[in-house]
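Naming follows writing order (A, B and C), and every chain is counted from residue 1.
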């Protein structure tokens, strides 16, 4: 050392430095240490059923904590408890402070009081626990000890819980609150294991969310979609509130999506590319199909019962004959005379069913071979997603319910047979089918859910590989028994007490999440809970409709390439993108 | 707490009435005294030989009713005052000892310096200190030792003081008061010791005076009665003195203008004639009105030795200095008041001394203990203390 | 021995909770309310730490007379320099040092001899006030103006710290007080406002 110092004066600095380095060894660049996470507070009480109380540290800014955020409690035994913030409140050591607060102009007093005499508290619901050294979160069965520290969840921890996109069946659905850039994923395999629901009051973005889910399912390829598109939103194209064009499923996954329509005129007008027109012959309608419309048509029980009688009596053409004013319906005379069938009942039925005359998709006779249901089934069997546009008939609830019921019953029947056939050999199992219906409470309200096919499908769980994706703004209208079978619930903002209660039916620990739900933004925020996520999560939903999103769905920006690809696939048909 | 104040109420009331009556009586006496003072103002020479026999003030050459105005004091002068206090030896105490504490002040007027204050305590505990001629040194014996210590300290300070206008002050009297019962040669010896110090003071060039406030003596009034009796001792003795119990100062209160002094007299005390006069320190006295103009009179008595009384300049210095010092506080020379303060030993200080002594004895292996009488006195006389838990 | 040290003249009361002494002091050096002092304990090397919570000055009749009069310069100097002020100092015990460690407990025994009351120097004050265990002793003391005393002692403790440390120290002390006085927010605010931080 001394030598180096002596030479320092005579030689150039660099030489001296070299000598120092030689003597002391090469300098090691200090690794930047990762910033330790700021502790939020400590657990001071609470229970598993009602949630844990956390007293916030003086340095924690309470205004920066929102319900719905993720936090992690570092337990005594090295376990980590993943929890959701479910409530935020202010507290004081002495309630008298509320009556006699200190002088607010005094910065010193405020600094002293904050965190000691007055402090913030949050309530958190522990959901999952990660053993120390473990890598798989498990449901929580106990609570962390007193005074254990609570930290904000890190990106690694969120990824650990929700999985990375690209791993297996995970689909990126949105970002957790206050954690932009971290991807929350849905396990699509689990998503389709049960029926799922997208809820939220009007204008909260249910359609966009549904589109995203459908796109995710389509891209995944592990299930096939059948969408009863009431408002023509999901097929080819739609427009958002700002009147920007939003691509539909067919634009994104061209060759894997078939768009059928009930109203070709409307579809053409909208520029929607369709693959077929759905027509149903009167002869194909059965009383069960009309039964689903009972409440809408105001059919009494007597009248409903009469339908089955009429079918038996009049045969397969029963509906056409009822609607034919010129048909004398002589087969019924005997029954009328005997009083088995009431004249008034018959008249009422004929009147009410007269509605069907307005439905142009209902034809008195259809050409055989033009069976809409077979066409749809064909597509589905090939793994092609089907979107059924309703055109102008979307405004008619009767049309929607009639067609949805009609098609679904037959498809369900088909799936049932295929599943039973496949019980012997697995190879023939049908690909899982997800049926998307809107205004679900019309199909599933308590008075009809027992009878509709949708109620049946919901209750069946996935017995025949068919599940529902219901989109609805009035969950309180849905039969609670059905609701409890809805495995995954994605909820945007709801403000009706009954709706909120309904959405949480059957979810354990739901009480704590109520506040979270009530505080969601009106747009682009949703609470996901249930089967497809390891724990409830509040997300800022992924934005549908950006070029990045389209690109991620596989839509190439290069038009030429797309065109070439499509040409190749469609055997030379020129298609305008 | 055994004084039954309620039992005394009647007597106190009666006392008030009596004293009031005395006041009226005093006023008459004062008037009479004034008239006699004027009447016999120039009888001093004739009264001089007989005054001492009547214990009356011995006139000097100054007329009896003379008053002398306040001279102006010099710009620079020094006052040296000494005073003493003592703690009596206590046979019932833990140990036998006495304490003499001498306080002194050197006040240099016009110097701009703070006065030099000091206190010197002396503990007497060896037998040679505690006993004199087989008697325990307490009471008058202790007072004598204290007085001697005072005047010695005064003399030491005067000796150290550079030449200049210096006045040495003591409180009370220059006459050493020794009990009559003591043997004459013992008394004479003590007086000689005192006189020796007075001589040292004279030798240093300083003046010397004693100051008494609120004096009760009636030597001048006795002289007036004697004068009224034509100087006849027997007659004076037989005839009741109409000025009986009238203190001199009351006579001079109305007489002396502010700051003025009365005529000088010579003290008729026996010791004055016995030792002081011979040594040239015959004690003279006069009365001063200390009050400034426009204030009620405050009359004090000062004593000076002959060598001060006979020197007009020195007498004037003493006169001026005493009055100026007294006017600082109001009625007592400042330096003397401070010396008194320096000499004072408070009860708590006494207790602290007692504890220190006891502690020292303990360390030395002696077990001091109060006598039973003292012990019970400490219990009953300290009052009651509240117990605070 | 610094100027602030007091020679104990008389001891009026001594207990483990504190002591009251009488002493005489040069005028400008009258000990300050809230200042840290120490006295020798029973065991050799042990100290008892205290806070001065009362200073009473006996009535000085003699000096009073000069208020009216116009005394000469020498008299004024005499009063100022020579005459000692008899004062009574009350000290509350707030800690002790035994075996080299500072503890915020009452001493086990009161001092047997009390000759001197020493002023604590800045390093001792700093070390003693690094922990807040002694707050309790002050707040719980009886017949003591606890709030004012605590505030004064904290101001003194802040003053011995470098300027950059003062506010954090007072904030930390304030927080401890917020804990101790949680049951009485009005009292808490009173003490905090006396710390001299708020303007």
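One rule holds for everything that comes next: a residue touches a chain if its C-beta (ideal position, glycine included) is under 8 Å from a C-beta of that chain, and two chains touch if they have at least 3 such contacts.
Bear in mind that the values here come from a model prediction, so they are computed numbers and not experimental data.
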- Query: Considering only which chains touch which, how would you classify the arrangement: line, ring, star, complete or other?
  - Reply: line
- Per-chain C-alpha centres versus the global one: which chain is nearest? C
- Message: With centres defined as the mean C-alpha position, give me the chain A-chain B separation in Å.
- Response: 115
- Note on the structure: chain A and chain C have mean C-alpha positions lying a whole-number Å distance apart equal to 71
- Query: So how far apart, in whole Å, are chain B and chain C when each is placed at the average of its C-alpha atoms?
  - Reply: 45
- Task: Name the residues of chain B that each touch 2 or more other chains.
- Result: none
- Message: Under the stated contact criterion, what part of chain C meets chain A in this complex?
- Response: 167, 170-171, 174-175, 177-179, 182-186, 188-189, 192-193, 195, 197-198
- Message: Which residues of chain C touch chain B once you look at their complex with the stated criterion?
- Response: 9-10, 22, 62, 65, 69, 71-75, 77-78, 80-83
- Task: Could you pull out which chain B residues touch chain C in their complex?
- Result: 107-115, 117, 328-330, 334, 337-338, 341, 348-349, 351-352
- Query: Which residues of chain A touch chain C in the complex?
  - Reply: 58, 93-94, 96-97, 100, 102-103, 106-109, 111-113, 115-117
